[in-house]
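In the two assemblies presented below, chain A is common to both, partnered first by chain B and then by chain C.
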Partner chain A sequence: MNPKLFIKFVSVSFQKQVTYRFDCFVGIVNGFLYVFIFTSLWKALYSQFDTTVHNGYTLTAIVTYAVLVMAVRISFTMDDSIIYRKVMDGSIAMELIRPTSFFFMNLAENVGHSLFHMMARTVPIVVISVLLFDIYIPLEVIRILLFLVSCIAGYILVSMMNFIAGLLSFWFIEIFPFLLFKYAFYTFFSGGIVPIDFFPEFLKPIVALLPFQYMLYFPTTILIGRASLADAQSIIVAQLIWIVIMGVICHLMWGAGKKKLIIQGG
Partner chain B sequence: MEQNKIAIKVKDLSKDFDISESGRGFSGKLKALFYRKRKIITAVDGIDFEIKRGEFVGYVGENGAGKSTTIKMLTGILVPTSGSAEVNGIVPFKERKKNAAKIGVVFGQRTQLWWDLPVRESFDLLRVIFRVSRTDFLSQIKKLDNALGLKPLMDMPVRKLSLGQRMRCDIAASLIHNPPVLFLDEPTIGLDVLAKESIRNFLAEINRDEGTTIILTTHDMNDIEQLCKRLIILEEGKIMYDGETELLKQKFVHEKVIEVEFYDDGNTIQGIPGVTVVREQGCKKWLTFDNDNYGIGEVIGTIASRYKIKDISVNEPSVESIIRNIYNNSAMLPTT
Partner chain C sequence: MESIKIYLTLFTTSIKARMEYKASFLFYVFAILSFYAGQFGLLFILLNRFHEIKGWSVGEMVFLYSLQAFAFGFTNLIFSQLVNFDKMIVDGEFDRVLVRPLSPLGQVIFSKFEVSTAAHLIIGFTALYFGSCYANIEWTLYKVILFPVIVTGGVLIAGGIRLMVTAVAFWTLRNRSLVHTVIFSSKEFINYPVNIYNMGMQFFLTFVFPIAFINFYPAHFFLDRSGAGLLHPSLEMGTPIVGIVVITISIFSWKAGVNHYQSTGS
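So, the complex of A and B:
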């Protein structure tokens, strides 16, 4: 994949997002509402108990987690029905006649989409939250760098997850139920609502076998300082292993799906 | 060396589609929740052909005959159920990207341009996609602009172009990397006469000057008659004619029509071997004669010697009328 081409496609996809400015404004309000609801819930919960630390989180730590996991999640916004729509209207044909990798084109499209949401939604939400809530982030350069690397790895995993879900449209006419299912798994098992530390004991071993926690939970724990710098490195290694596993799944599904593809509308 | 002269080689190529049917009406749909009939449709059924470099081939057939499916297999979009195909020596469904770099594709009903971007930017993206150097790109654009008149369109967003303008841009887009093989799937669909004419002229020109191999599917038989020396007719996924467009007439036309105008309308045409009167209108008569067994000179000579003729003309049947006949009576015609 030609990096210059990748960047060009990121920019085309970014520009397309700019057209949907009203969407974006609603998105900021919506995102902030989530942050507000979750932080309020945690405050209410913590005030019920005499102990100040639960599952290793102080109130400040859990509020910081709630704000940052939301910030990461909003930055990871992508259109998960994009492949489905291309198959439905047959426009996927026009991409396949180009000497480009469908996977990387899809990734570039996602990156452009997400970059826009990061700039237009994540930044204002984080700024407002820092002003309103009691948030603590250890400011170490290495930690922040490791966080960024882990975020990129997490992002690739989310994009691969959506790619796999999207490819189902090669087999099924309607994939909306799968997308709902995926959404539920992704938001919950990634630690997008509650950190994995708060999960019931019986769920933890199951979650450990799934890739979702590497998408939002682990990158966030690196930034808020719950993971040590040594932990952070092993987290990134585990993420890379998952990228390889999911990459193989993407590759195999693409190979099998091609044979099933029907171009709608002639 | 011989191998290099062949642009496209197709052998026993087939494509089945697996269609699951959902029933009709409420009860049918309800049943379909639990049980669906699976139906296999053979869109392309064991076709063979070879196309040499520099050929201009018309690929025609009724809707659903399998034309587009063939094109989609040759461009690497669809994977065939069985059989083999090579384009420029590359197997398209195994090495889609490698194949895509060496072909140009236009699907008349779709666009490969970016809807929201100005034409110029779409072209520039394609330049990067196809790794065309800036100098080659500029000279190619200049050439395309001369032939297709792109300049006034360059800064317009694609969604604002008319169908004819968009088609000119799409054809230009398919040629930015100057591919040796060009696939055109109904490029003149919905265009007016002038737009069609300018596109035809351009296609004839690149075929002649650049030696570009062109495969054209169309429903417009004027396209075929003006451009394609060779014609492949597809029916229900099978090839039913593959040969020169001119020879199609010899093969399928066994009757010719002569239009004669006499000085008076009292003539009864009788007793000329092989000739029958099909229509009369005043002094004008339309006669058909058996083209296989009687020469045209002989027939006209006999008529002229017996009657006083004011005007005479022999009507060549159009390719369209021949193909219409083939579609209608395919069961009766000899297979090729």
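So, the complex of A and C:
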């Protein structure tokens, strides 16, 4: 897809978000509410023991993780029912005859959405959290660059996951239960709330077989300094492999879906 | 009497409409169960590692969860239409409600029943059973009688809050994000015992936004916990009174909203 066109789509989607200013304020409150609950929870859990390090995390490290993983997660906010709505109102037909790739148009729309959430929600939430909580981020240039690369890779994976879930509306009339499943798996296995290090041993092999931990957990561990710089590189390689795997799935499903698509008369 | 008959007809029609697609309904219930299973799973991971949360054991946490599941299950059943109420105003559908010779609130409430309550009740009973076993609750006659009273009080609190935030739509028209934050996200607070939060937040959740009365305070009574950690021991029986206060205030704000209402003209 033409990069200029891509950027155009991103900016249109961004501007759509700006319209709802009140929603944006409520969004900050909503995100901070989660940060507050989980930092309180970790502080309460750690206060029960004399030992200060649990599963490799000090209290400062786990509070930092809780804040930053939520920050990454909020930046990754996208509308996962775009494709569903397009199928429902029949406008998907228009997408099919456009000369641009549907996947990249969808990605552009997500990027615009997410950029807005990042600027309007993540930034204020992180600033408030840094003032209120004891947070430590190692400020090394290479680390932050690696984090950004890993974040973009994680973002592409989340976007592909949503694309796959959205494509299910080509086969099913109602996809809300699938979105709920996806949300449950994503929340549980991505380390979005509890880092994978705390998972019991029997779950770790299952986590390792799934792509979810590459979406939130690994990018965050790079930023907080839990992953070494060498680890960070192998994390990014693994993320790229998952992008290829999920990309193939997206491509195959899109090909099959186009033939299968049932439109409800619009 | 006549109006009760009409309400009953509305009630049965809405249930019938939802049950039209049985497979979809069952799948939906299953998806909701998986969502909560994920939430439970993370809680178990933490309890497995840390044994208890601020003096609350696994069994007690599960019991805490059951009170919440019952309260929100019944609240969903009765007050579900309120979640999308702003759409009724924006689309002008509320005008239709106003010209009918029945109470507007009654019509809005009886126009839709969320059958997903089935999922909440399954969770509620399962959690109640295991909570009772693991926390060794002694079910005296007094407790058995008070359990439904406490759940009713919880429904009045949760439903009252829902009604109040819905009424905001009379002034602001669109209030989706606010409704979402106040109704769904704030629920996260009482997934954990409220004593993990700082004093200011405990005060807020007791006197300003009293959701701590849905499960935290009454759980002390059922579990025979001493009221030592509470702001005041007598609060543990406060749920029904707080429920009546909240629902009364919310009905007044709803009425003020109806009086203020001006059609959008669509």
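As a working rule, the second predicted complex is superposed on the first by the 265 of 266 C-alpha atoms of A that agree within 3 Å, B and C clash if a C-alpha of one lies under 4 Å from a C-alpha of the other, contacts with A are read in each partner's own complex, and residues count from 1 in each chain.
In this section, a contact is a pair of C-beta atoms (placed from the backbone, for glycine too) under 8 Å apart; a residue touches a chain by one contact, two chains touch by 3 or more.
This structure is a prediction, so every number in the text was calculated from the model and none was measured.
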| item | value |
| --- | --- |
| Partner chain in contact with A:Gly90 - chain B first, chain C second, else both or neither | first |
| Touching partner for A:Thr187 - first (chain B), second (chain C), both, neither | second |
| Between chain B and chain C, more extensive residue contact with chain A | C |
| Partner chain in contact with A:Gly225 - chain B first, chain C second, else both or neither | neither |
| First, second, both or neither for A:Gly247, with chain B first and chain C second | neither |
| Partner chain in contact with A:Leu41 - chain B first, chain C second, else both or neither | second |
| Contacts of A:Lys16 with chain B and chain C, given as first, second, both or neither | first |
| Which superposed partner A:Leu261 touches (first chain B, second chain C, both, neither) | first |
| Shared chain A contacts, counted only where both chain B and chain C touch the same residue | none |
| Chain A - residues contacting chain C, complex | 20, 22-23, 26-27, 29-30, 33-34, 36-37, 40-41, 43-45, 47-49, 54-55, 173-174, 176-178, 180-181, 183-185, 187-188, 193-194, 198-200, 203 |
| Residues of chain A that touch chain B when the two form their complex | 2, 4-5, 8-9, 12, 15-16, 19, 90-91, 93-94, 96-101, 258-263, 265-266 |
| In the complex, chain C residues that touch chain A | 21, 24, 27-28, 30-32, 34-35, 37-39, 41-42, 45-46, 48-54, 172, 174, 176-178, 180-181, 185-186, 188-189, 192, 195-198, 201 |
| Partner chain A, residues of chain B touching it in the complex | 17-18, 68, 72, 75-79, 93, 96-98, 100-101, 103, 105, 107, 109-112, 114, 116-117, 125, 128-131 |
